[in-house]
Structure formats: structure tokens, C-alpha cells
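First the structure, in the form of C-alpha cells, and then the observations on it.
The first chain written gets the first letter, and so on, giving A, B, C and D; residue counts start at 1 in each chain.
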Amino acid sequence: MSGFDKVVNTYDEALDGIRDGMTVIAGGFGLCGIPEGCIAQVRKMGIRELTVVSNNCGVDDFGLGLLLEDKQIKKMISSYVGENALFEEQLLNGELEVELTPQGTLAEKMRAGGAGIPAFYTATGYGTPVGEGKEVREFNGRKYILEESIVGDFALVKGWKADRYGNVIYRHTAQNFNPMAATAGRITVVEVEQVVEPGELEPAHIQTPGIYVDRLIQGRFEKRIEQRTITE
Amino acid sequence: MALSREQLAMRVARELQDGYYVNLGIGIPTLVANYVPEEMEVMLQSENGLLGMGPFPTEEQLDADMINAGKQTVTAITGASIFNSAESFAMIRGGHVDLTVLGAFEVDVEGNIASWMIPGKLVKGMGGAMDLVAGAENIIVTMTHASKSGASKLLARCTLPLTGAGCIHKVVTDLAYVEINDGRFWLKERAPGVSVDEIVGKTAGEMIAPDVVPEMEF
Amino acid sequence: MSGFDKVVNTYDEALDGIRDGMTVIAGGFGLCGIPEGCIAQVRKMGIRELTVVSNNCGVDDFGLGLLLEDKQIKKMISSYVGENALFEEQLLNGELEVELTPQGTLAEKMRAGGAGIPAFYTATGYGTPVGEGKEVREFNGRKYILEESIVGDFALVKGWKADRYGNVIYRHTAQNFNPMAATAGRITVVEVEQVVEPGELEPAHIQTPGIYVDRLIQGRFEKRIEQRTITE
Amino acid sequence: MALSREQLAMRVARELQDGYYVNLGIGIPTLVANYVPEEMEVMLQSENGLLGMGPFPTEEQLDADMINAGKQTVTAITGASIFNSAESFAMIRGGHVDLTVLGAFEVDVEGNIASWMIPGKLVKGMGGAMDLVAGAENIIVTMTHASKSGASKLLARCTLPLTGAGCIHKVVTDLAYVEINDGRFWLKERAPGVSVDEIVGKTAGEMIAPDVVPEMEF
């Protein structure tokens, strides 16, 4: 099974080839389902001038927020940011650029990028600042704007379990953007809590087929909770 | 008297129907879940990928992988489904969610809504709000009728950058229930003890009020 | 759970409201995963002038081919047809119209229809008869054509198991077009081999969430095999 | 001598690499699966929604719900995944399949391919062929070099309606292995005992042949 064995043993191997100025797509929603180990590795490698596509930008000392500390991010493409002070500071300084994209449009842009759809029409954002400068077109009496797809040089994905072939399943709502991110990277790196043997995952339950996955690594995760809400 | 947050949520909850799939925004909209009539069931959609959101977890149930769109830890009800973000917004954008409830800074007589950005203040982003307002046929905006300084939030034309154009038809404020049609606000109900004159006076856009405006009962 | 209980007990209820001239989307690939009971009911009701959207049109005496016998189909939108003589005859007679659509474009048109995407660009069909009369547009130096989405008045779907809330899972490759069809019907009818109680299906395994499903019926299926190929 | 069907499949199989995800069309392309070198593994994608297609089932394994794109009953290998048609074509259209092998009626010097429709004959449809040729970076067309009546299938310009435009770079015929670049056919290999003259003579489009054209070995 050598040809399909996607497992690498170190994060150095997992992110080999990442360079300054690249576009990196990262899965996750808030701090849930984020590729913690890959982010740490990008920080360690000191890669700079990154365009990062991710729904959020973490918090000050965790998640993608870590990459802000060393000013590694040039531009964020996100639907919601500013859960952290560094982000605000760098944005106001002009050190950081942000392209705010509606959450559903962002998910669809990644999916389209992976699926060979260069652009699609959506009503989301029509008549708002998001629609400015974009083509408007009417279908069946309703106005839509044209949105182009996104692909990344790297996609960084957090899964739950994967077999060695790179077939991935996700756990609960830690799924979120991860399956779309996985399809949209020229090189897709998946880190999981557990690597299993082929055959251990039911074919119909696989959420990211191995064809999308270039490198697979078993990581360790803090899985920090952003808002701990409890029923007493 | 102006409605309390709880009364706002109670009034919105009267728009629910049995079997509705509902997306509730952050803030007062979230409270609506507490006032679902007993004989009725609704299922809550959370746009990060959960249909069938349950209450907050107990300490024992707490799970970092189980959150809602507000990034709070939650549970899933029996019969829930979990999916990715593209699928979640396919549901939303495709008009499959029966009712969306969200807050706003302003609405206007054309059904425009501004809810995500105040120029000069730090812009945190629209999250899923633009998709929700563009996708739902049935949206209820809930907010105070006027700002603390008394400025009306029901305008002839929104002054802030829009979240969506021409998509709002129902507004529940602390003073009134208002519908938007044909380029006007239509006063349908008033908060207990609030006069039509006060409501019309605090509404900057054109408002039509019938001779008799029923008072909400709680 | 009344409000979410999608179960109906008869096919009369399942297809209540279907009318002559409607557009019907049907899941299935060949004879695999086709909504047998719904097709039989459409035949029994004698609904005519239908536009049917389905990858194939069955065979002479099974699947959608049954609707050809009584000339109930006005137009087929499919990627591959003509596995049956009646189809050919009616097509040559001019009694039947066919709009051939590439298989991937067909799947994406249904998905887009269900997802509120009115149109998308694809390279599939550019420079071919499929692209004729369609807008051509260049993205990143490559030419694409504009394809519009499909929605149906009814979607007829074959699942394996579903809970009463209409959460559906499919079995093996009988999945095919069914999940897309399920999203794209104004009224979506799902027939399954087994109805189970809510909670019996794992939330992450559900392939069609109940929000897409209007009516659910437990059926019986012949599951005819089109090409029985065996390893001796 | 012209290659047999098996030899065509054998020659195509030499383009395989370990770890390739491959989509094989109906007919000769399907035979390629029989000639995967022993030290190599490839995974077969079937566009109806199966990645990791295995051999035909035994009587005991036979299952109506488990078919391939040719509607034949098949099995799944260990490590296979099964998904819906939109996902399957996302893989194909998005360029994730490493190699696609399919038959054709005609190809031309521009890399155009005609494989699905002969005007005047009943048109059965393109199935997934248009998606496959538009999506794959790496396509091998395999067909006879000329029709039974001797008409070349390697043309200056396809005469039949196209399946895809400008997408073919490699052709394995019963006479030769040919590449397409810069608006010409480039003769790379010839079938054992077949002369360059015969190949060029049976090629209607412009063909460049180097002084020495290696002979295929089997």
C-alpha cells in the first residue's frame, strides 16, 4: 500500500515546501476543529507574508492568532475576526489586510475551488459592501452576485480519525470547514487524533476521501474551548 | 411600557409553527428558544453545521468538538444531524430554513437591513448573517425601536452598510410589531401601554397605522 | 414529534399534489437506487407531460422506462439514455424530447438548485454541442461555460434507512444522485427500505438531513440488476 | 503488427504510477486494470460514486446496490470510499484524478476529442465523458488508428461533435503511441513490426516522426 500511504511522522515533513507569500487554507470554526499542530509548525518555520483563508483568526494566544504574534500573516480572508487584540492592532496599523467574506460564501468558494468550479452566483451580499465591484446578474427575477472560487497552496485540515490512505472522518461540529479546505489545497495536510488501518472506516462514513489528501499526521490537540457554557 | 428582552423573545416565539427549522442569531434571538409553546416542536439550526441543537451541556457532557455558531458549547438533540459548512449554508442559502431570527442596527421601508458594520468602529465581520438574510424567506428582526439617544432604527433608508437588500418583512421591537411591504412600515401590534403616537413618532420611515392597533398580551 | 414526523403510509399521500406538466427529479444511476415505488405511483396516477430529470431513463419494463409505456414523459434531462427501445422510438417519433447533460454537470445543477446557487461556471462541455448558446467566460486563462441550476416540483428519492424526522442514509453506490435530488425538490419524497426511530442514526452519518425531506415512506424494492457481472 | 486489445491495455498501463487514482472508461480502458504492474498500486474511481473499485463479486458478494459506472456489479477494495455523484464529479472536475483512460472516435492535432455522438445515429448521451475530459490533466485516449474502412481517426480537425476541446495530449492506438502538442501529432513509439510510413500514412493530421521511432516491447 506504499503508493497510497499518506502518513508522515513529523510536522517538518507535513509542511515541507511551504514558502513565504503562499496562500494557506485552514479548517476550523472559532477554536473548534483547528489544525493546531500545523499552525504551530508554520510559526516555528517562520513563514511570512501568508494569505490565510479561514473562517476566523483564533484568539490572542491560540489558533491562527499565534501567527499574528510574529506578524506572519499579510492577509486574512474570513467571515468573522477580531476575537483578539493583536488582530485589531495590526489591522489598524495597516500591517494586516482583511477580506471579509460571508460565511456561506466562504465555504462555497472553498468547495468550488476543490470541485473545479471557477465561479458561482449567490444572492448573499447583493446590495451590500460585499457585492461592490462584483458582477450582478438576474436569474428568475432575483439579483445575484458573481463570486470566484478559492484554492490554496496548502490546506491545513484537522480530522478525528483517518486511515493510512488519507480517508478522513471528523468529530461532531469540529467538521465545519475542514472537508472543504481538504479539497481546495494544492497540497493538503491532514492532522488527526488517530491514524487507523484501511478498512477500519466504513466507506460510506468517510467524509474526506483520500484522493484529496497528500500528507497525514497523527497529532496531539489541546482543543481549547472558546466559550464554556454549561447547564447547571 | 417597552418590552423586556424576555417579552421580545416571547413575542417572536409566537411566529413559530410546529415542525419549523429555525436559525436563531446571537443575543435576544437566542432567548426565543426558551419560549417555544409546549405543544410545539421546532428544530434549531446552527450554521457551523448542526441541525437539532440542544441545551448547553452538563459538566459531564461538555465537549470541545460540540459548539454552536456563537462558539458556545452545546449538545445535540435526538434526531440531530451534523454536517460541514458548505452543506449548512446550502440549507440556508437554498431556503430550507423556515424561520431566521436576528438582531439589527437598522431596517428601512424597502426591507433593507444593516446589522454588521458601523463605519469608524472595528469591523469584526458579518459571519453568516448575509447568507441568512439572503437565504431565508421568513426572517424576523428583533431590536429596540430606537437607540438610547432616541434615534429611530426604522428608517426611510438605512444609513449603515447593508447586510442584505429588500429581504426583511417582519420586525419585532420593544415598542411594536411592524411589517414591511410596498415601501412602508405597517404597524400591526403595540407593546402594552405604548401609544400609536409614540411608535409613529419614533419611526423615521413612513409608517401606516390602522385606527385600532391591538396591544400585545403576555 | 408530530411536527417533524415525515412518515406517510401510502404512496397516494406520498405523491399527493403531483400534476401534469410538472418537473420531477428522480435519484438513481441506471437501475441502482431508483425510487421504484414512487415511479409506480406516478404511473398509476397517469400523470402526463412530465419533465423528468434523472441520470438515466431505466429500461423498457423497469424504472423510469415504465413511464414511457403510457407516454407520460414529455422531456428527459439526462446524461445517458437509450437503454430501452421505447425511448428510442418515442424520441424518433418526436413524442419525447431529450436534453442531454453531462453527468457531473447534472449532479452539480441539482446540488446548486438545492443550495440556492442559480448558476455556476464549468469547463465541462466547453467547445462541444453542450456549450452551444451558453455564455463562455475565461477564468485564469481557461474557458468555462455558464450552467444554470435545476429545481423540481417534486424530487423522488430512494434511501436505505431513514428516521421519522426524514434523516436519510443510503446504501453503497445506490447513493449516487439521490442526496442531490433530495435537496432540489419543492416537495421531496423519500422512500426507504426501513424507517427507524430518531436517534438510531448517528448524526455524522446522515447523508440527507431531514430539513430537505417532506414525506417519507417505507417501500418494497425489487432492486433489479442491470448488468450482472460475476467473478467465477 | 497492430496491437491486440490486450496489448493496447498493456501499453496504457505503462503510464500508471504507484499511488495513482485512475478512472477507466468502458471497453479497452477497463482492461488496463488487468495490467497494473505487480509492485504498483492504483486505485480505481468509478464516477457513480466509488473510489477503490474492486473486481466483480462472487455469487455470494453480489449486491444490486454495488455497481460501477458501466452499471456492472462490482466490489469495493479495503480502504474504499463511497459518496454521491456531486462529490464524485467534484473529484473529477477539480482535477484530483491522476489519470483518465477513455476511448474515442476521433482526436485531432489541437487535442480535441470526439467520442460520444455520430450524427444520424441515435445519440445515447455523453454520460460522464465530458466531465472526465474537462477535469483530468492527464488523459490517455486509446482506440484503433483508423476505422475498418481505413479512414484515419487522427485528424487535422475532428469531424464529429466534440466531447472536449484541447484536452488530449496522449493517444495509444493499435499502431502507435502519439503525443499531441503545438498543433501536431508527435510519433513517439510504434507497434512491433509497424513502419513509420504506415503510421504516418494512416494519420490524417500533421505528424512529426523523429528519425528513430522506438518499437514497443511486450
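Here are a few things to note about the model shown:
We take it that a contact is a pair of C-beta atoms (placed from the backbone, for glycine too) under 8 Å apart; a residue touches a chain by one contact, two chains touch by 3 or more.
Quantities reported herein were computed from a predicted structural model and do not represent experimental measurements.
The interface holding more C-beta pairs in contact, when A-D is weighed against A-B, is A-B.
Distance between chain centres (mean CA atoms), chain B to chain D: 55 Å.
Each chain gets one centre point, the mean of its Cα atoms, and the points for chain A and chain D are 35 Å apart. Centre-to-centre spacing of chain C and chain D amounts to 29 Å, using the average Cα coordinate of each chain. Contact of a single residue of chain A with at least two other chains is seen at positions 108, 111, 115-117, 122-123, 170-172, 175, 203-204, 207. Residues of chain B in contact with at least two other chains: 76, 82-83, 89, 92-93, 134-135.
Here the touching chains pair up as A-B, A-C, A-D, B-C, C-D. Remark: chain C residues 29-33, 55, 78-83, 88, 91-92, 100, 102-108, 110-111, 122-130, 143, 160, 170-180, 207, 223-231 touch chain D in the complex. On the side of chain C, the complex with chain B involves touching residues 1-4, 111, 113-117, 163-165, 167, 183, 198-199, 203-204, 206, 209-212. Listed in rising order, the residues of chain B touching chain C in the complex are 17-21, 40-43, 45, 51-52, 76, 78-83, 87, 89-97, 134-135.
Residues 108, 112, 115-123, 137, 139-140, 142, 144, 148, 169-172, 175, 203-205, 207 of chain A are the ones that touch chain C when the two sit in their complex. For chain B in complex with chain A, the touching residues are 46-50, 55-59, 62-68, 70-74, 76, 82-86, 88-89, 92-93, 112, 117, 122-131, 134-135, 161-166.
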